[in-house]
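Order as written gives the chain letters A, B, C, D and E; numbering starts at 1 within each chain.
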């Protein structure tokens, strides 16, 4: 089966600034692709190109095996939620939602049914007769969602569709989208800034930066085996600790203030260059005794800061000249200025080359 | 909608306090002063049309009529002589209606479509075409009379109402295109994008999204075209023949009598009658100046 | 069945009534008359329409045209030949030589005359003259003296309207009065540069400047008939205007010789302004028949009499009895005959009888510019010669 | 086939208008240019005869006056009508109770043909009948307002009447523009502490730049073609003090039967338009292109 | 010292729908008030009313002791970030930001300095010459922030200012705002949907629902002692467990499937009505042995579901007929279908009245 969406060598410029550089992605039917990346990296632009709303500068986009270069947006059979909503200001909410169906000649009864369904899912039944100008931000966003959800396209494009919703509603909407995905086997490209959204929804995540794809992979791959320093740093909150370290045979040496360097032994480092960056997520550094396993190794660290945060307590220590965060249970006895034995789970560690940022293991 | 209209105005908050009240009153005073400037000639015309000829000769220009008579109006409508016929403006009036209504509609629709293309469906050269059309607004009509006459003759519609409609449409679309284009460029292109994704085509987007947004500029365009066409004299007199002359030509005939006693009251009444449809259009169309239609469509 | 679509600018009052007479006669003779009046601008609007219709190949059957314009249109090759009617009716004998020339194009008849207006009239309010002890002036000096006297008495001496053709009307009577018929002919008909630049012309402009002083300050843009009304109402004493002004007096119930006086402007000669109809080349038997019938009726004695009674002018054909006409018309007729014999029967330049539009317009531009500013007479003369040369 | 049709649909919609403009505007301009090099009199002729018509034109003092008048009149009329129209639109935008009525009052002069309002204006401006007489009647004996009959000032009466007639329409145009501005942005500016006049001058008006283009074109068109107005109000007088190129041209073409001369004056008129409008158009369309 | 903002009995209707009902809030100088509530509950409307952009229907708003009813927005000396950004479309980013200063006559040097400062804080230096239309969603949002940040007003109003930023940037912006707050002692009203933002930024949180204030308090109060069921449910993610229970003297009785009800003893319940809702956050239910304290009581529960979620593992059990979530450490041996001893921290428990939702303890 041909992939539902295949983007190869895509380039896109505005004037002389190149926004997208050599993008290659493909997704199969039923895939849920989540695009993440810092603000301004070209996510919306990429969606616009897929939808055919911006002319592309180079490369090709295939939907369902067909080259889309000369196909107009309306014939691409996609549904899209715009980051800026782009609701039709003169139409009521109901008409905003049914417009696409009407245009496609869906019969009135189906329109009504779908409208009711979607309105209920999105909890906007009460506003169906209002104009967009009379809605709150979150309500507008849901209408924008509704406009896409009533459709049954080959491909959904969502551009940060939940950013203006409250946490509760967002969780509900997330599960609605997930249901939609399962029920219809819909293919989806989804832009979000919400890491949880990305992790829970995606079957595939694409991390972009400055118009270049950094990594494509499943959420687990992205989270556990980031392809480079950027991805490591970008994904996860609080971010992964990136600790400068030196390789000594099968040992890793990390500086700590006021004491000899920590020495951790890890057979994986054999053959790596001398200077590396060691990446370890806060949850993989625990208080000694609270984490067991063959790869767990302990070392005493000077605690600089203790930050209780409701369900957890974060402690910060300086390792390799960097502030390193560890996530501890709430009952920890850690106190600033004192020394604490921390357990490092070396089974989860990533190594990067300091200069190129490339992953080494 | 009225609520929206009120709330988006910069001065939307009710202002009280002495300074505010003074400001408000000053505003109204200013508006009324201007209203006087605009009304003065109309006042003169209306009062004159209601006076008898004797009173006009003897009295002051700005005086109110002593005894009001509608005789002049009746004469202007159905009795005034132009040439040997004494039918007033009535028959010509209908010529004008038959001429103006289709011409205004056609030129407005064509202009709206053109403006929509130029503003939202840019293709290479669209701006050049637009500039060329704009420049066309400036061609002096006297220049076009003779070659146009020739072409109308060749097309076989010389001296007919369709011929006149044709001429007015041709020279009207420059303006209507200008109006609509310049209005449509202020509408965010995201709307077109959204509608395209929704599967709407060129015309669908135009009628479903743009038309409802166009009310104010539609009003402007209709006002302009209707005024231009209804009040046109040069084309009317050149491209009509007996029986298809528009009301302005008849009005001109009534007003410009080279001999005889000048019946100013009839002239004025005739002028006002001739202007009534335009006034009506203004009053009716004016209602559709509504604010804030784009509010809430787009962030940023 | 004869058909005629008639383009004219006789839309008001007496004129319209006269046209109605023609239409009636036309109908009585079995014809169908389509009226196409276009008023305004002394026929400018009608001329505009005419051009457009000729170019679109849809010319009206008959058009009110006069003076050299007839020949100009003929040169464009769009006028029909009506010699058949003219010769059958013997127009050659019925019209004064000078007038007949205007109706002919390269020897064939191409237009039918309606009337003869005299342009060099001076009209006066009888009461005012009497009160101030003034006679109708016969020289321009007398006129100036009378005017000064009137001015001293608080009366506006000269009623005048500020339209360029009115300025031109006064101008040509002054040219005729100060320069005489010969000078008029060489200056305003032959456009002899010497005559145009002569001292006489300087004097003419001096007189114009003097006369400007006799006009009230509100004259600008005033219609001629409003000026006539000023004379009627005793606001002003004199008006220099063609005999269509008489129609105004008569319409207001004034009696010539009693309420108002008519006299020729100082000096010899007779300036005429002849209205006429030209026939355009058209397709179709019925229209051609209509043209012939129309031509015949226009020159018919009945129409000539009725029309001119209404209009204040005199008939073009010389054989109409003038019994029903007033004293001014009778005087006009006599003067015409006399002038015709003495060679002083001259076409009016101000009313487009003497010159083609471009040249007449050039002269008028100078006259009106001078009259409405403080230009010196010498400058005006200089400008005049330049303008005329430039207009060729 | 349908795909081709669709991608070219916008062009096809524009095409008929474009062709019409090519023929009926540019074709006719070319025709006029041709005729301006001939000695056409009553009707156009087509044998070329050099630049004689232009020489005649530039030798004519009346044409000088007409051009000077055009610049004076055009500058004053366009300038004042724009400012006034905008000012009125802004005033009317202040939640005026009787907006509908006032708008109609400001707008109605457009409805009346100048053929007759000219008469009313003539009366009002006539020193013996109108304002001057009325004010003197009130006892101010030395009051003078005689522009209409003063050759040096008559052109200003034309300006006055032209503004009277057109400023209402300009107001309508601006009002439509004002009302297309997004209310949220105005709110943002209010909170930013921007005084109302600055909101207009720095935020609303710049976003109406295209509307200015419309107004400018409309007004220039009216200025260049002002014809009825002059004819009705002053007839070009006193003398030819208020002649404009359009009246000059009309006089040449239709009263004087000098079509060659009319054509050459038309060409000069169009050159003037070109010189003024094209740079403006260029900058305006340019700005929109970024 | 008078409060900087005092809202009393504020009401606001659109037509016949009442959006805000009897709002009473006051904040002191230097307070950081965070407004939270479900989408459409009236948060933006409240900000608009404070700013004077919407006429109020009743009540009063005092800023710095002055009644604002007839004061126009521009004279209120507030800065606001709009949910919809509302950038000036014709001005460049730099002009958007400096325009307010320019109007107030701030000298050029200061303008430049402030612009540079803010642009750097917001990481928008590269776009200063662009028009808003040429920016990405997140960039626009930052410009909107910048417009407010260069000002030095009495009061800042922020309407979801970070919703379109990626997690990293959001954390950075959050700390910028926090710094701003500390440095200037600025008074801030802030709308957000992000619970972490609310908890970390606020000195005071207002929870709204349907135009009515549900609770006002410090983040700790709101989190630990929610005033009613709505607040309990709304704040915190995952949400607080709300378990129907019966009071038996000083004991609480909770049904569990397939076993006798759990009996927990809590002296606080003395005197409460018989039927109550017991609220306990997931992090206050731990695996037996992992939580110590005098108030911790254990009970065996049937585990329905085990959800590993990176740093934690959630287990779900049915108690009192409701699914109850507990947050366990990752090494838990819990398995679906088996029974596990859970430790309930009764020191953290809240009791609510089932009908009114009112807090009882």
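Keep in mind that, in the parts below, a residue touches a chain if its C-beta (ideal position, glycine included) is under 8 Å from a C-beta of that chain, and two chains touch if they have at least 3 such contacts.
None of these values were measured; they are calculated from a predicted model.
K.L.:
Considering only chains that satisfy the touch condition with chain C, which of them also satisfy it with chain D?
P.N.:
B
K.L.:
Would you mind checking which pair of chains has the most C-beta pairs in contact?
P.N.:
Chain pair with the maximum contact count: B-D.
K.L.:
Approximately how many whole Å separate the CA-defined centres of chain A and chain E?
P.N.:
23
K.L.:
Can you check how far apart chain D and chain E are, centre to centre, with Cα atoms defining each centre and the answer in Å?
P.N.:
Here chain D and chain E have centroids separated by 59 Å.
K.L.:
Express in whole angstrom the distance between the two chain centres, defined as the mean CA positions of chain B and chain C.
P.N.:
40
K.L.:
Can you work out the whole-Å distance between the CA centroids of chain B and chain E?
P.N.:
The mean C-alpha positions of chain B and chain E differ by 56 Å.
K.L.:
For chain E, which residues are shared contacts with two or more other chains?
P.N.:
Those would be 14, 52-53, 72-73, 83-84, 86-87, 135, 137.
K.L.:
Where does chain D touch two or more other chains at once, residue-wise?
P.N.:
In chain D, the residues touching two or more other chains are 6, 43, 129, 182, 184, 187, 190, 196, 207, 250, 253-254.
K.L.:
Mark out which residues of chain C touch at least two other chains, giving numbers and ranges.
P.N.:
Only 41-42, 48, 51, 54-55 qualify.
K.L.:
Given the complex with chain C, which residues does chain D contribute to the contact?
P.N.:
Answer in residue numbers: 41-43, 56, 59-62, 122, 126-129, 146, 148-149, 151, 154, 231, 233-241, 250-258, 261.
K.L.:
What does chain E use to touch chain A in their complex?
P.N.:
14, 36-40, 42-45, 83-84, 134-139, 142, 159-160, 163-171, 193-195, 199, 223, 233-234, 237, 239, 281-283, 290-292, 310-312, 327, 329-331
K.L.:
For the complex, which residues does chain B have touching chain C?
P.N.:
For chain B paired with chain C, touching residues are 81-85, 145-146, 148-150, 152-153, 158-159, 233-234, 237-243, 245, 249, 252-262.
K.L.:
Where on chain B does chain A make contact in their complex?
P.N.:
Where chain B meets chain A, its residues are 4, 188, 190-191, 193-201, 204, 208-209, 212-213, 292-300.
K.L.:
What part of chain B is in contact with chain D in the complex they form?
P.N.:
Touching chain D from chain B are residues 4, 6-12, 27-28, 30-31, 34-35, 37-42, 44-45, 48, 60-62, 110, 113-114, 117-118, 121, 123, 126-127, 129-148, 151, 170-171, 173-175, 177-179, 181-183, 185-187, 201-202, 216-217, 219-220, 223-224, 227, 231, 233-234, 248, 251-252, 255-256, 264, 267-268, 270-272, 274-275, 278-279, 281-283, 286-287, 289-298.
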